[in-house]
Amino acid sequence: MAEITLRNLRHSYLDIPLSDADYALKKIDLSWQDGGAYALLGPSGCGKTTLLNIISGLLEPSEGEVLFDNTNVNALAPEQRNIAQVFQFPVVYDTMTVYQNLAFPLKNRGMGSSEIDRRVKEVSGMLGLADILGKRAAGLSADNKQKISLARGLVRPDVNVIMFDEPLTVIDPHLKWQLRSQLKQLHQRYGFTMIYVTHDQTEALTFADQVVVMHDGQVVQVGTSEALFETPEHTFVGHFIGSPGMNVFPCQLDAGGVRIDDHHIALDVSPATTHGTDGNLELGVRPEYIHIDPSGMPVEISAVIDVGRYRILDATLGRHSFKIYCPEGVEIPQSDVRVRFDPRHAHVYIDGWRLAGGAR
Amino acid sequence: MIERTTNQKAWWLVLPVLVLVAFNAIIPLMTVVNYSVQETFGDNVFFWEGVTWYTEVLHSPRFHEALGRQLMFTFQILAIEIPLGVIVALAMPRKGILVSVCLVLMALPLLIPWNVVGAMWNIFALPDIGLLGRTINAMGIDYNFTQQPGAAWATVVLMDVWHWTSLVVLLAYAGLRSIPDAFYQAAHIDGASGWQIFRYIQLPKMKRVLTIAVLLRFMDSFMIYTEPFVLTGGGPGNATTFLSIDLVKIALGQFDLGPAAAMSLIYFMIILLLSWIFYTVMMRDEDQK
Amino acid sequence: MRRLGWLIPTIYIIFLLLPIYWLLNMSFKTTNEILGTFSLWPIEFTLANYKKIFTDPTWYNGYINSLTYVVINTVISVTAALPAAYAFSRYRFLGDKHLFFWLLTNRMAPPAVFALPFFQLYSAMELFDTHIAVALAHCLFNIPLAVWILEGFMSGVPKELDETAYIDGYSFPRFFVKIFIPSITAGIGVTAFFCFMFSWVELLLAKTLTSVVAKPIAATMTRTASTSGYELGLLAAAGALTIIPGAIVIWFVRNYIAKGFALGRV
């Protein structure tokens, strides 16, 4: 077990990166607590897998350090780092039996055969592989193969971290839930550090204590699922988390708030005065925090989408279109709809990053 | 694998292939069968001979010798070409323009007409004007493939390695390319050595293409005719007279149609039988799961 | 070890190129120089051998004949194999497995076995010494191969493609030509490459079935070798020229060659 720290990490797949755009990872500083369950969330191509491969040692970073318990491991090969990784597609050694698959990493590390036997039996029991230990791995179903990949990591004593690279992609939907909850149980019981890469927000939010959101080679926010929802630190987090995502309006600073076109919205924008206001200003507010209120701003409703327990309204304010979340029991007026933004849940962003606003 | 539906009308789609191949396979095969049970002294007069020719061929020392040489040759070229092809494929570059350059240069021998291959090796290996022959003799080894049976044999084997190893390389390379990176990464994390990666990942994943390679090389080397015929003419003596060369000698040289036809069929049966055995043995594990 | 990895392919390629180099070397020499002196490159560089081939009709017609039957064979093989491979990849029908295996067994038939009966068959059909005779005879081993490779490629195309097209009201022939064939062009390219290759390199049947009009270049070479004595330079030039069509074809399909056989089913 170890605490993993990434310091000033940058990585480019090119030999001579010329501009920022050539970097797959742009300056990452992050630390992963020992025993934590983390999710690494972001769209395809944001650098998640690159980051994972740097931690596991499959890739050497162009710049910066990877520290395990404050020891630099940059120069260590994957097998020396004592980590485990489960890949998107199950990796099993086809010609070996399930037992031999699990024993393989232990044998390579020179463990005695009675100890190997004990550990293989224990781990296979936990994962429900005990009955098929004698079978050839090649003919098994995808979920069993994925369990073998996982078991090859769990079987090793004192693994620093187990990393999962979208491990449920090829698993049937009904087995996904089962495997995921099995993983959570194992985590609670053994307390190993877990990093779980996914592009699926539900998977990330239900699985992890801390979610690390990545976008375009950068970490844009680290936080609990609640923090990501209530206080997105970047407009990207606002868009990406939540369904539908956060509404974003171009705006200007105003005395005691912001202005969208000629509508004034009262907000606490005091940090902005110290920060300076050069850059592209935006106001972000989630559809859940826009309420229908006769004293608010006039909007046009262009569509009402009934999703069962609630409705989503497509609305426009001047030139800006946005969405409103409308819970059961709230009346939508036939004409002259007016809405109010909840000032405790509205945030001001400058060049995408959160500047002020929201409840403190 | 795609789930296939039952549809007897599919026969119509297969019909053109069936007609073309049957025309080329069944009529000549019938002709051969016909000859193989009869005796002729010319003028299209035939006498029923039954299985006489079959017994004769099966008991003839000449056939046994040619078959022995054929088996030895095929065994040797498989033993050289398959491992060599795999080794070259493993060492091939994985990306970039170099891959195309390598593939194109390696495929070159495969597209040279077989008699040109023979002729090329003839002028390459001749002891007086050939680069290879000259070089070997300059090293103090007496080498002349037109007179020494051993040298002739070695030259034919070397020529076949030159000619066909690339096919194994291409197939093995295709097999290697289909292995996802994750397999290598997982193996590194598991602490596998280079040999273990080969033994437990690359070799099992190449099994299918290697089966194809062994089958193709087996069949084609068993049928080899043009290249050794042009290079050595089957000699010196009978040193490089393989089954096909012997067959043509009997059929067209001596015009012994009956024995030649019987030998053809026995020859064909041997190829079918051995191919089937190869296939069954190499695929046995697949069926177990 | 890793750093020296490039050595293996390099040495192997040098080994492959040496005999070809020697052939080229010979083709630029005069016969006298070939027999008289030993040199690693032509001392009296001459293009006379090539000039002879490009001006003498018995020589250049050989190339035209070979290319003609090879192209006809490739077209016939691919055209006939397309619907058959489709049937094998999509449908189950009476005797399909046996038929597939029987087709493949024809790939195992030694041409030497069939040389004489082929001669008689095509003579009886009055096709002896025509391009079409050689093209048809080569179907014996090229059609099974084409069906085998194409079937592999077609199995990689999801069946939903077919079903969607039928729902959209396509008839089978229209679907096959307009939608299905364009989706497997890579496979057709690879198949055509292998058909071209095996027809181009084969000599025994081609020689048996022709005498004058359709005589392939390879046969011209062997006959010249035996009749006009020892014109090695000329033979080397003719041989060197037979490498060119193959080299051109390889260049076009270089990205697919490696896939060709790998996708066929065993």
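For this structure, a couple of remarks:
For clarity, chains are labelled A, B and C in written order, and residue numbers in each chain start from 1.
Heads up, the rule we're going with is that a residue touches a chain if its C-beta (ideal position, glycine included) is under 8 Å from a C-beta of that chain, and two chains touch if they have at least 3 such contacts.
Every value quoted in this text rests on a predicted model; they were computed, and no experiment measured them.
Comparing the centres of all chains, each the average of its CA atoms, the largest separation from chain C belongs to A.
Comparing chain pairs B-C and A-B by the number of C-beta pairs in contact, the larger count belongs to B-C. Between chain A and chain B the centroid-to-centroid distance comes to 56 Å (mean Cα coordinates, whole Å). Rounded to a whole number, the gap between the C-alpha centres of chain B and chain C is 16 angstrom. Not a single residue position of chain C touches two or more of the other chains.
For chain B in complex with chain A, the residues that touch the partner chain are 180, 182-183, 185-186, 188-193, 196, 200-201, 204-205, 285, 288-289.
Per the touch definition, chain B reaches chain C in the complex via residues 1-11, 13-14, 16-18, 20-21, 23-25, 27-29, 31-32, 84, 87-88, 91-93, 100, 102-116, 119-121, 123-124, 128-132, 134, 162, 165-166, 169-171, 173-175, 177-178, 194, 208-209, 211-212, 215-216, 219, 222-223, 225-226, 230, 243-245, 247-248, 251-252, 257, 260, 264-265, 267-268, 271-272, 275, 279, 283. Every residue of chain C that touches chain B in the complex is listed here, in rising order: 1, 5-9, 12-13, 15-20, 22-23, 26, 34-35, 38, 40, 76, 79-81, 83-84, 86-94, 96, 99, 103, 105-118, 120-121, 136-137, 139-140, 143-144, 147, 155, 158-159, 197, 200-204, 217-218, 221-222, 225, 232, 235-236, 239, 242-243, 245-247, 249-251, 254-255, 257-262, 264, 266. Those residues of chain A that touch chain B in the complex are listed here as 53, 56, 58, 77-79, 83-85, 87-89, 91, 93-96, 104-105, 108-109, 136, 138-139, 149, 152-153.
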